[in-house]
Amino acid sequence: AGRDAINVVGSSTVFPFSTVVAERFGKSTDFKTPKIESTGTGGGMKLFCAGTGVNTPDMSNASRRMKKTEFEMCQKNGVTSITEVLVGYDGIVISNSKEASQMSVTRKELYLALAKEVPAKDGSESLIPNPYKTWKDVSPALPANKIEVLGPPPTSGTRDAFVELVMESGCNSFGWIKAMKKKDKNKYKAICHSVREDQAYIETGENDNLIVQKLSSNPKALGIFGFSFLDQNSDKLQGSKVDGKEPTFEAIADGSYPVSRPLYFYVKNAHVGQVPGIKEFLDEFTSNASMGDEGYLTDKGLIPLNKDKREKVRADVLALKPLQL
Amino acid sequence: MSDSTQKVINSLKKRHRKEKVFRAAGATAIGFGFLLVFLLITDIITKATPAFKQNWIAIEVDFQPDLLGIDGLDLTRLPKGDYRTVLRSAIFEMMPEVSGRRDKRSLFGLISSSAEFEIRNHLVANPADLGKKVTVWVKVDDDVDSYLKDDVVVGEPGIRISEKQATWIKKWVDSELIESRWNSEFFSLGDSREPESAGVKGALTGTFYTMLVTLVLSFPLGVAAALYLEEFAPKNRWTDFIEVNINNLAAVPSIVFGLLGLAVIINIFGLPRSTPLVGGIVLTLMTLPTIIIASRASIKAVPPSIREAAMGLGASRMQVAFSHVLPLAMPGIITGTIIGMAQALGETAPLLMIGMVAFIVDVPGGITDPATVMPVQIYLWADSPERAFVAKTSAAILVLLGFLLIMNSFAAFMRKKFEKRW
Amino acid sequence: MSDLSITEALTSDDIVIEGTVGTTTAEDAKMSMRNVNVFYGDKQAIKNVSLDLARNQVTALIGPSGCGKSTFLRCLNRMNDTIPICRVEGELKLEEQDIYAKKLDPVLLRARVGMVFQKPNPFPKSIYDNVAYGPRIHGLAANRAELDEIVVSSLQKAGLFGEVKDRLDAPGTGLSGGQQQRLCIARTIAVSPEVILMDEPASALDPIATAVIEELIDELKEKYTIAIVTHSMQQAARVSQATAYFHMGHLVEMGKTEQIFTNPTHELTENYITGRFG
Amino acid sequence: MSDLSITEALTSDDIVIEGTVGTTTAEDAKMSMRNVNVFYGDKQAIKNVSLDLARNQVTALIGPSGCGKSTFLRCLNRMNDTIPICRVEGELKLEEQDIYAKKLDPVLLRARVGMVFQKPNPFPKSIYDNVAYGPRIHGLAANRAELDEIVVSSLQKAGLFGEVKDRLDAPGTGLSGGQQQRLCIARTIAVSPEVILMDEPASALDPIATAVIEELIDELKEKYTIAIVTHSMQQAARVSQATAYFHMGHLVEMGKTEQIFTNPTHELTENYITGRFG
Amino acid sequence: MTSSTLIFVVLFLALFSYWYGIQRSIKVAGGATQVKKLVSLPRQFGLLTAMWCGLPALIFLLVWTFFESTVIEALLVQSLSVEVQQLDQSALGLYLNDVRLLSDSSAEVLQKADPDKVFAAEKLLEINRDAAWLKSGLVLILCLSCVAFIISRFAVDFRARVYLEKIIMRVLLACSIIAILTTVGIVMSVLFESIQFFSSVPPWEFLFGLEWSPQMALRADQVGSSGAFGAVPLFAGTILITIIAMCMAVPVGLMTAIYLSQYASERLRSYAKPMLEVLAGIPTVVYGFFAALTVAPFIRDTGEALGLSVASESALAAGLVMGVMIIPFVSSLSDDAINAVPTALKEGSLGMGATQSETIKQVLLPAALPGIVGAFLLAVSRAVGETMIVVMAAGMAANLTANPLDSVTTVTVQIVKLLTGDQEFNTPKTLAAFALGLMLFVTTLALNVAALKVVRKYREQYD
């Protein structure tokens, strides 16, 4: 028999949301419940862009926008028409155990604490290997704890978002580096996006729950992960203030908390109408009941789009408007 | 007393001390092993117990055709009704004092999101209830469930039940609308994103099929290969080389087998991704060395005199191998199989590569249906944000261990049968 | 310690043994061996031995411990194949058939040339199954009743039946030493091979059991050809028609049993025979 | 088949054996056993046997195969402990010491009461290590030279040294049957036990080697107490001072060897002795 | 008939042929009383017939199943419109998938569907039906003709056993070849990718470099790390963790085996062994959590209480937990090996007045050496190749240290890290995973060769 269920691959961050939709979709329609694999955003994109056909996935979840390179790879492999679905937002939180005191950091401090190379302390326009051992070294206001941050590896979309939103903006607080962006983009990126490789930043696989649990057993460490994990574990963990803002549902939704990123998924238009149920699945996903302000996805920690945006997304998606990058 | 007896006596004290120490070391080792098993299992059991109970709530549902959007005649439309609205109105009717959008929303949040499907199933099963008002039991939300299970103080940070919700729940409990039941659905449902509706049936079935494929492939293959290499193959550099290589295979990180599975079994042979068939084949590759190594060792241990005796009677090498060597080597072969299968049963890494780390709700019906297996299910649940999955994870581990125990005790029974000392 | 020096004299290297005294050929040879050399690794255990086993006759192989009797016997049904370091050279024939020929099936050979080993090696199976094993694989019994009959009669012939008749399904490894030895004899005769090689079949047996076995051998030789290794001169004298005396891998003397025992030609044989104690 | 019926008569159940003829006690008993019963599961292998082993004397245990000689012998140094289904009852003493007493140390017992098993069981080690094993574990040699000496002299006494002197580090399992048997004897005497139990020590030996062993036994009895199981009446007559005749688990008759062989009292003993062949 | 029913039919036929072969052979012999005339046993005739009946048919089925879908697809496409034929590969695949789904669906759905596709679906059903008939027919004919052929050769002196054994031998050989091919396959694939890797990273840098930082950019617009591929720290880490694991597993496992096989009562043994084997089957994810969340913090806190500086992801924690997992590998396999040593040897030693432990140490263990070394190797291999535990509990950063309290990373962790999220083998980053795999392979190869030598040298062949 042929393939009768939708196949989805991609981000582990979007996985919890897309599975909820899939489950309801399976229960409330005659279609089979879609099969959703958690491969990480990058891995998902590779599978997704490998071509069209029954053996390739129909959709790919992503915790960041599709990159131009990926888009080109898709085009090259015959995945020419892609629909992009913006699902909502996810806050990235920096949190620690409740046993420790709540941290309040700025993005600049985070950059200084985690970058591989940082501007020299004397203020000259040169870079030195990151000398900071404790938070106090970074800023006297911070505690004298060893810098120990558990975070995602480069394969993860969370890492990409963190690097762009936190590190880069922290980087930009140094004028001379910011100025470099125009002159030598690659060098700029190398400075701002490189995370230190000594013990201070500990890559902890793609397993956010493990980070959560490691944090509760190690009060001195900080962890980087999606808001929903903090939401579910608020008895054990607390989010650090970033630039003075607490990571709350509201703060992320209204954009005042600075570190949040959009979540997407991508659909292969060539499969619509061939693999049964794709249209209906899109309909369900973008419906008010799921993505809306009070939709069931918000129960799972998704920060919803505002109404106008949502309606526009829904209209575009149902029309299968091809993505242009 | 002779001279040497005296010497023996002189040496005895020390030797007996050594003997005692040695024996005690053995007892300690085994005690330590037991302790570990005991600790691990009690830890898992304590964590798992909440998962075996589930709170249900009785709701008076009014199946009005117009609310459902069904006209009473076409029963085939029953499953398509708007049960969410019906459910909402039933709950709000139950708690007339709740008003305001926010409060209503948080009230509705106390019921499992699977409830609307439960009442739908009820109506589909009892079409006669259309238009009537009946009591239907539905599950409460996982947050409520954990709130009811752990006695915690509302208002404490992290308790995901607000004080208002707590008073509503208290009202339900007081009026005995809530009932804690044995969570049989844990064994009869597939995966779900709602902890209260998540079950292990899908993963367990997947594990069963995967293990079946693994056993059916790896046991005969492994034993046959071991038998051939040990009893029939000429003993030369080549066989040495092969032996060393097979031994070596045991050290290949399991994820590499996953890669091979991906590259060869899925990409070249085109077998379907995420299926027990592919999973079983990949795990076979992983188990095979274990079985071969153990089998070869125990075939080697069969004393040559037994072989000679049989050969002297005119038994062919094949007959010697099958009627003497194999039965005598069987305990060791079974041990290898037990260990190899146990390892396969608990393995996750190679399955990551072949798409078995997936959200699959439907219970697989065969070896070519998409499926996950228990360790993957455990892995996925362990990585879910919902707190209630912690208990589910442990419960799933327990189920897996149960599966393992059943599998092992059968094998251990077989091993016992073959065991002989001579 | 006079006898110690005898042994040492017998085993020391400076005795040169050349050729064989007496006749090694038989008129009606069932098996005939020519220039057999056997090596365990570098060590040569059989040195250029030639002898015939005459049809329907019992040939006794005698000689001091370690002289190569077992080794020679094991060549005759290619049991030495199982010892990796063992190498056999020479011409060995069973009724004109080269038994070391490539195309020869050792399985068939062993079914025709049965063997009772020096150390009793019962299978870790029941007594019944031990004896029934051969007949089963060779299909000697058409049905269970026939098989039962073979088992019972073999056990009876080996003089074991009386002792084990009520525990035929007890393990063969739980028998006494002598019982195990008789079990192995029963097991071998159950397949009625054409040639029977017996390596000290009565070493663990009491006189009465020995008598039973000797009588069995006597009876068997009517139909079969038999080679027997024994340390008992009396036994050799009683059961065999021809005797071969081995010494340090050499076949020193061979001839009619009477002649060997009454009138040995070679000095070594005479020393061995007359120094008799058994 | 007249002899077959003899065996069957001997093993059939309707012969009733009551008590023991002759004396089972010795004036100067090194070991004394009273009312010993041994069971393998339900099967009784030794029935109410009482006998003494006199100091510095060789006691021969004779009797038909399967009558319980090995079983009885194995009781004397508690080797039967290793057989799970085996149960020993009765009073067994080594110099007034109950050898089945809880507090008795079987290790010391076995060092004092050594054993040569019926089936040669060399360790899969070198010949040297086989013999050195006992002295090593018991710490009998102070240094390597002493150990070498023990090994060489034990091998010499067992009449094996000449044959193996140039391959002391070859594996003991690669020896011929008779060589293995002598190796096991050498291994046992290397620890100089006070009592030596020998279960058919010469069954696989040629007359000359047998003579060496018998001479050894004769020599050993000067210092040690010896029990020997044998199937050869001649051997029993030659080496032993006392003889015990076992039959189907019963001790039928015991007495001075001369008396037993010349003038047995019990009919069964007489049947056995006179039906002699060995 | 579907393939699975067909398999059952073939198996049933084989069973029947077994019986039939026996009957025929008896007949050939001239009746039940004459069977002794046969050179081989009736049972062997039966088995031979069954093999001839079953094996070719099953092989045929396997081949058929392998090619079926491709052939059917080709046939189907031929009968469809030109437009469809001209679709490209993947579009055609999707089109056919839909057709396939249609062919399974109800009339109601068909009514609404595209008539071209409905036509195709009907065509497909037809082809499928024909194929099923053809397949069943061919299989049955194959069974029958093979049986007929082999039966026709039956004679009194037909050496059924020899033929049977030849077939079994081939089957055994085939099985070993599969096992060997897997090995070769894995070695080859690892080797090829490694060669590719070494063409961009010099081997000496990989082998002797002290810095490991392979997370190069995944895409052109990403910034990764420097791309240093010095694998020494990884091997040091792997060795450290393996040693810790073995320090845990070998004493406990071996002593357990000894206790179970020599001291424990039969009853204890029959319970304890399967009980401990549970340890091998606990999902490694669970061990991973246990190591990361229970053992590691415990070690860190204890260490800190003692004034030691302990990393949160200490090698000790991962190693110990891994050791627990492999205990049964050592204990169960060694137990079997010790148990296989004949009692006569044990008696020989005890009879000399050796204590139980002396007997064990000096007689039983050396005699059981090959089995024990095998168990030991398997355990090491498992420790070296284990992934999940170290991914969760060991560090990710490549430290070069011998301090078990420090954090180290292992080869497997890095392999996982290199491969997740990116499975295209074209960058040094992903290829490095294979080079690591190869190195792992070479190291354990050396270990195995050494072990083989040791066993050869010290092996004590008992009898």
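Brief remarks on what is shown
In order of appearance the chains are A, B, C, D and E, and numbering begins at 1 in each one.
Assume a residue touches a chain if its C-beta (ideal position, glycine included) is under 8 Å from a C-beta of that chain, and two chains touch if they have at least 3 such contacts.
By chain, with names taken from UniProt: B = Phosphate transport system permease protein PstA; C, D = Phosphate ABC transporter ATP-binding protein; E = Phosphate transport system permease protein.
Given the structure is predicted, the values throughout are model-derived calculations rather than measurements.
Here the chain-to-chain distance from chain A to chain E, counted in touching steps, is 1.
Shared contact partners of chain A and chain D, listed by label, are B, E. When every chain is reduced to the mean of its CA atoms, the largest separation from chain D belongs to A.
Seen from the C-alpha centroid of chain C, the farthest chain centroid is that of A.
Comparing chain C-alpha centroids with the centroid of the full set of protein C-alpha atoms picks out E as the closest.
The chain pair B-E and the chain pair A-B differ in C-beta contact count, and the higher one is B-E. Centre-to-centre spacing of chain B and chain D amounts to 59 Å, using the average Cα coordinate of each chain. Between chain C and chain E, the centres computed from C-alpha atoms are 48 Å apart. Rounded to a whole number, the gap between the C-alpha centres of chain A and chain C is 84 angstrom. Centre-to-centre separation of chain C and chain D, using mean CA positions: 27 Å.
Residue positions of chain B touching 2 or more other chains, listed in rising order: 8, 15-16, 19, 304-305, 316, 328, 382, 422. In chain E, the residues touching two or more other chains are 289, 343, 353, 355, 358, 391, 416, 420, 423, 461-463. For chain A, residues that reach two or more other chains under the stated contact definition are 39, 55, 207, 210.
A complete list of chain pairs in contact reads A-B, A-E, B-C, B-D, B-E, C-D, C-E, D-E. The touching residues of chain C, when paired with chain D in their complex, are 1, 3-4, 6-8, 10-12, 40, 43, 62-66, 70-71, 118-120, 156, 159, 162-163, 167, 174-179, 182, 199-200, 203-212, 214-215, 231-234, 238, 272, 275-278. Those residues of chain B that touch chain A in the complex are listed here as 84, 105, 109, 113-114, 117, 156-160, 192-194, 270, 273-274, 355, 357-362, 370, 380, 382-387.
Interface of chain B with chain C (complex): residues 235, 304-317, 319, 323-324, 328, 420, 422. Looking at the complex, you find that chain C touches chain E at residues 105, 137-143. By the touch criterion given at the top, residues 32-33, 35-36, 38, 40-43, 162 of chain E touch chain C in their complex.
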